[in-house]
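We call the chains A, B, C, D, E and F, going by the order they appear; numbering starts again at 1 in every chain.
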Amino acid sequence: MMCLAIPLKVIKIKDNKALVGREGIKLEVDIRLVPDVSPGDFVLVHAGFAIQTIDTEAARKILEIAERIDEARGS
Amino acid sequence: MMCLAIPLKVIKIKDNKALVGREGIKLEVDIRLVPDVSPGDFVLVHAGFAIQTIDTEAARKILEIAERIDEARGS
Amino acid sequence: MKERIITLHHNSGKKQFKLLKHIEKLLGSTLVSTENDSGFLEEVVDTVTTDSFTISPVFFPGGDIGKLSVCGSINDLVMTGAKPKYITLSVVLEEGFEFSRLDKIIDSIRKELDENGVKIIAGDTKVMEHGALDKIVINTTCLGEVLYEKLCVKRIETNDLIIITGPIGLHGAAIMAERKGFQIDFQSDCRVLTKLLAVIKGLRVHAMRDPTRGGLAQILNEFSHSTKRNFAIYEDKLPIPGGVKTVSEILGIDPLYLACEGTAVIICHPEDAQDLLERLKNAGFDPSTIGFVGGIIERPLLILKTRNGAKRVLPMLVEELTPRIC
Amino acid sequence: MKERIITLHHNSGKKQFKLLKHIEKLLGSTLVSTENDSGFLEEVVDTVTTDSFTISPVFFPGGDIGKLSVCGSINDLVMTGAKPKYITLSVVLEEGFEFSRLDKIIDSIRKELDENGVKIIAGDTKVMEHGALDKIVINTTCLGEVLYEKLCVKRIETNDLIIITGPIGLHGAAIMAERKGFQIDFQSDCRVLTKLLAVIKGLRVHAMRDPTRGGLAQILNEFSHSTKRNFAIYEDKLPIPGGVKTVSEILGIDPLYLACEGTAVIICHPEDAQDLLERLKNAGFDPSTIGFVGGIIERPLLILKTRNGAKRVLPMLVEELTPRIC
Amino acid sequence: MEAKKYRVMEICGTHTHALMRYGLKELYSERLELVCGPGCPVCVTSQSDIDRILYLCDLGMRIYTFGDLMKVPGKNGNLRERKALGACVREVYNPLWIVDDMKKDPARGAVFVAIGFETTAPLIASLIEEIERERIENLYVYLLLKLIPPAMEALLEDEENKLDGFICPGHVSTIIGERPYIKLAEKVKKPFVIAGFTREELTVALEKMSEMLEKSAYGVVNVYASAVKPEGNLDAREKIKNFFEVTDTLWRGLGTIPNSGLKLREKYRRFDVMAHFQMENVSSEDPCPCGEVLTGKIKPEECQLFGTLCLPETPVGPCMVSSEGACHASFLYGRKGE
Amino acid sequence: MEAKKYRVMEICGTHTHALMRYGLKELYSERLELVCGPGCPVCVTSQSDIDRILYLCDLGMRIYTFGDLMKVPGKNGNLRERKALGACVREVYNPLWIVDDMKKDPARGAVFVAIGFETTAPLIASLIEEIERERIENLYVYLLLKLIPPAMEALLEDEENKLDGFICPGHVSTIIGERPYIKLAEKVKKPFVIAGFTREELTVALEKMSEMLEKSAYGVVNVYASAVKPEGNLDAREKIKNFFEVTDTLWRGLGTIPNSGLKLREKYRRFDVMAHFQMENVSSEDPCPCGEVLTGKIKPEECQLFGTLCLPETPVGPCMVSSEGACHASFLYGRKGE
């Protein structure tokens, strides 16, 4: 929502902080709100904090459904 | 001495401050160290303070003596 | 005694003289002749551009303020279709600035100038009190000779194609990332574009512009404004590197407004576009056709055509780009 | 809505465009063409000078930073014996700077340029964050055509006379006085010296220089340094106005190091000096012969001959002039 | 024959933008009338709050703020202008950066304007946690944290509004999960779809919404399951609970909504700037039309000031300032060229 | 036949400069060997004092100072360089300006380096008077006020020095009057001439001095009566007495001289920076040759560093820094051209 957040992959964890990234970009975020996160997970980052881990399987499913809708619409 | 001071003429007085000047230049100085000064007097100004009133007659006399010395020396 | 930092004394007398000589030595050129107050041109010039440069950080991935201020002015001349010949260099420094950093900056300047055969014709140094300037401002004024007189926004026609010579937003994204402490795997594209002068020879290129401050959206808006035409670009044809996209998403900014410092937008007759693209590739560029020029219209706009066919107006920015959380 | 102050937004997009247009309107000239990234010269130029200007206070008795930055660069060209034709203007502003003050500065610039027939050929504006710059820096680069090729320090000969076209130290003393809150009855001499071009025609004038930063002592030291000759001036021939003397005495500084901004030092063959003096008077100057050039020597100096025949070396300053109490 | 057109609110400003950006509002316009909601924390901040922040700034305190708030006008100027004139106003991306900044450059007094919804609230809790740990005693927060479900409830209760369904805010839901909507959905018997922000996620959400409306189905469907778990983020919710308690709060355009804001618990009250300053007299009326837009009653284009006096460069209301604001979005995407 | 050449010290640095500037040292060189004295408050400040001022600066305190002191090197750098690197160092012309500046822009802690002789002492007293009146509690003074007659006495007692007479400092005399010299003159039976600063005043003074020496006369002659009254400035002396008491003080080159400095009276002691900071460990040795110059034992040109390592742009000792300094003067006027 009004709360800008984007998914980034966890690379390394140290205490409350994780190095996360995508496309060669890396930054440090605070992970106190997602304490169980592990390297390889995707997290949603808002204002320098990871606020949730991402279920990539669920994300994939939505993509599939969208594809089917687009096809049905013929676009 | 080490203490740079130059003679300026008192133009106007207000409380602890006097407007002093020379050659069209005017500035405000503190006169608490020469409380008896009056407009028209010359004062010696050091770091924004008047530190002494000047006896112009005495100054003139020295000039005369210097002139005589110079003449005697022929310079 | 080797001095470590610039002080206010470098503004006057002996130390100013020494500072000038120090910079001249690093540059291998004279800034202020001891014989005359100005420098003399030996070659013909007929076009001039000037810019003052401030950037934070002063050193960034892919360059520094020295390189930037040379490339910036040289590129402005190149965009006009002119061969850059001379440049002036005025450096304003904050006292406390380290000589070691100044030396690096001057060295970047020298390197760019040498590679491009551009000569320093006049120069100046000033020092401001600590706190009166954030480190350094450089002004360069570049003088050159017009090779392509017909290169002018006025010549832009309906259906001209919009070609970009390389990736979008590298400079702006590198600076933003550097400020926020992100690690990035790309650099500012800061570099001179003089090679374009040979590339466009004989082609119906109608205008060129380097999308510096304000980025692609800004300069296409300016083109649109001054030609009274709509300009249209296709979202899926824009060469925005993944890294630039990511930095932009994290910070909530639009990459189309991020500066390039070594990339040009070329407006070209559609029949010559293919030729131009090939020549650009041969010259080492990585060009793309990103859109086209529309007809004359009363209230012209820059339009982005999205992947799914929707249209979106890209206005001129009214604010600085700043990170958002919402 | 009329804006009151410059903001950082004036750096990008729509507002930068508006700021440029605003300045262009006040100037009656184009800074950045909407058609091209640079400006085109229509007349021949063969000499260039550049300077960045910072001054505090920005407005001073007798001028402002706008007037100063135009006069400074024009005068540098005139000193070279060249006719100034074009100028570039780059204004770097601190956000928070009032438009009303900017407008006054631009107006001063326009006035000087109009009076001298010098055209703006290119321009630029930049805005820095509040606190990153003390108000304003202006860079001007002036282009012109050399009228007197032989005007060059190299031509200086033994027994040449040193002539100054007007009073010493007015600019520097006015600035110092303004900073310290003194009331003064004189002004900065800030003005253009283009009239000198006609004055020196046909005379054996060997060099001219405007004693700006560092004052008379500075530029005569530079002459001395580059000609390897002693230069001698007579204390009792120096036209130092009473007001300048008084300000200097109060603050414990030497007026020979105070800047002039509308006065030139002319090195002239002794046989033409009388002629030059008369022509200068006719042109409205108030000139004096203040000294002469000595022979070639290994370690040349600038020498002041005092009233009672003593000699004193005037070195290049190594410090900024600051008020002293002892 | 025209099919019934349903009135659906996307409460989140980022949704508004994305829907316009991807052309989805237009694409679905025959079936759904998508109206903007109050889903931008900047937009729902009342002018009085801005006035008070400016008041603190004028007192000489250092102001830390997210960039979004800089240009929102108070009765008299905005923070951006104050900064240009030399006030100490610092933009923040990550709230914890403030702790480093205060340690490096301590101020006499500093205020962080903690604006946001449930998404941002746990970050603010973490900031309080850190300033307590670091014993920084001169940094206060100006709390402007608001809660979305109570606002949704208020909008549903508003007679004029006649909303048929809600696109629920993706990132707020990340924290709060599905449950708060389930309660609401049962009460009002309307469909609630939790959506993500990509074109694909929004397409699926709108499709789902149409489907439910056509079938007169109600309840909560989560098409953003990749980030929104049924229970939300328990750690984040715990953090919110530990530091804040619920309170009534004033929303621009919506008035005071019961239990729709957060305040610091007694234990942390000393970090609240309100515990130190009396600012009741500092206030002003919100310039009128924005509230109507925020509640979906009028479209931005229907505001008399829209595009005339109120422009992105001279915003009257916050909805024109924030790039999340409904008016700003309409201004940007409304002009189509030709 | 060569006449006896008398050794006379002009104690005041401004005299040194003026004598060289007007060519009077040369003019009288057959009759008088004019040697420079310790008459520049900057030159007689020990390097340890500079170190301590830099220490306070490094603590983050604001430093107010007369411009003269900015370039004097401590063990490690100088104030000018500290300022260039961002420290808060402000140059002062009129000490009372500090009061306005502190009111406009209060610092956490600020120190005024109160350097000077009797001429400046009453100004410093006035400053204390004002900061007390204005209740400014975080401005302290670093007192470096020294007294001239005790230094003259020490120089006269120094066996090596063999001074035949003194040109007394004009502006110090303005404050203290003729009496302190009269006592000294009677004790040592040598001539003391109080001189002004113009070419004329100095000419008369040197003429008088030669005359007295040739006649073996002693006592005090005041050829600066325009500004120096027998009793000096009673108001100024009163001010000094009210705020200060006499104390032993360290002079660069001269060592500690009894009763040659001023310290604040108990009542004002809280304004003394020394009452708040322990700085005994902050000290260094004065780099050697300057003391010899200050006591007239060697001429500046005789210092090994003069004109080689020690130059106006890279001064080793304060005498090369201050434009009042003997070495600086010799460097400036010593080169004659041709």
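To be clear about the criterion, a residue touches a chain if its C-beta (ideal position, glycine included) is under 8 Å from a C-beta of that chain, and two chains touch if they have at least 3 such contacts.
To keep track of the chains, here are their UniProt names: A, B = Hydrogenase assembly chaperone hypC/hupF; C, D = Hydrogenase expression/formation protein HypE; E, F = Hydrogenase formation HypD protein.
Since we're looking at a predicted model, the values are computed, not measured.
Colleague: Quick check on the contact graph: shortest path length from subunit B to subunit C, in steps?
Modeller: So the least number of steps between the two chains is 2.
Colleague: Can you name the chains that touch subunit C as well as subunit E?
Modeller: The shared contacts of subunit C and subunit E, listed by label, come to A, D.
Colleague: Return the chain whose centre of C-alpha atoms lies at maximal distance from the corresponding centre of subunit D.
Modeller: The most remote chain is A.
Colleague: Identify the chain pair joined by the greatest number of C-beta pairs in contact.
Modeller: Max contact pairs: C-D.
Colleague: Would the interface of subunit C with subunit D count as same or different, where same needs over half of all numbers used to appear in both copies?
Modeller: same
Colleague: Which chain maximises the distance between its CA centroid and that of subunit C?
Modeller: B
Colleague: Roughly how many whole angstrom separate the Cα centroids of subunit D and subunit F?
Modeller: The answer is 38 Å.
Colleague: Quick one: subunit A and subunit D, Cα centre-to-centre, how many Å?
Modeller: Roughly 61 Å, centre to centre.
Colleague: Using mean CA coordinates as chain centres, what's the gap between subunit C and subunit D in Å?
Modeller: 31
Colleague: Check each residue of subunit E and list the ones that touch at least two other chains.
Modeller: Answer for subunit E, listing residues that touch two or more other chains: 13-14, 40-42, 66, 93, 116, 120, 199, 313, 324.
Colleague: Among the residues of subunit C, which are close enough to touch at least two other chains?
Modeller: Expected reply: 8-9, 14-15, 131, 180, 252, 308-309, 315, 318-319, 324-326.
Colleague: Multi-chain contacts in subunit B: which residues touch at least two other chains?
Modeller: 1-4, 46-47
Colleague: Which chain pairs here would you call touching?
Modeller: Touch list across chains, by label: A-C, A-E, B-D, B-F, C-D, C-E, C-F, D-E, D-F.
Colleague: Okay, in this complex, where on subunit C does subunit A touch?
Modeller: Subunit C residues touching subunit A: 177, 180-186, 241-243, 245-247, 249-250, 252, 308-309, 324-326.
Colleague: Along subunit E, where are the residues that touch subunit A in the complex?
Modeller: It comes out as residues 11-15, 39-42, 66, 93-97, 116-117, 119-120, 122-123, 126, 148, 169-172, 174-175, 196, 199-201, 203-204, 207, 223-229, 233, 235-236, 239, 324.
Colleague: In their complex, what parts of subunit E are in touch with subunit D?
Modeller: Checking each residue of subunit E against subunit D gives 80-81, 83-86, 313-314.
Colleague: If we count contacts the way the header does, which residues on subunit C are in touch with subunit D in the complex?
Modeller: 8-9, 11-17, 34-41, 45-54, 56, 76-77, 79-80, 82, 86, 88-92, 121-124, 126, 128-129, 131-134, 137, 139, 141-144, 146, 151-154, 209-210, 213-214, 218, 221-222, 225-226, 257, 315-321
Colleague: Please name which positions on subunit A make contact with subunit E in the complex.
Modeller: Residues of subunit A touching subunit E: 1-5, 7, 29-30, 32-35, 44, 46-49, 51-52, 54-56, 58-59, 61-63, 65-67, 69-70.
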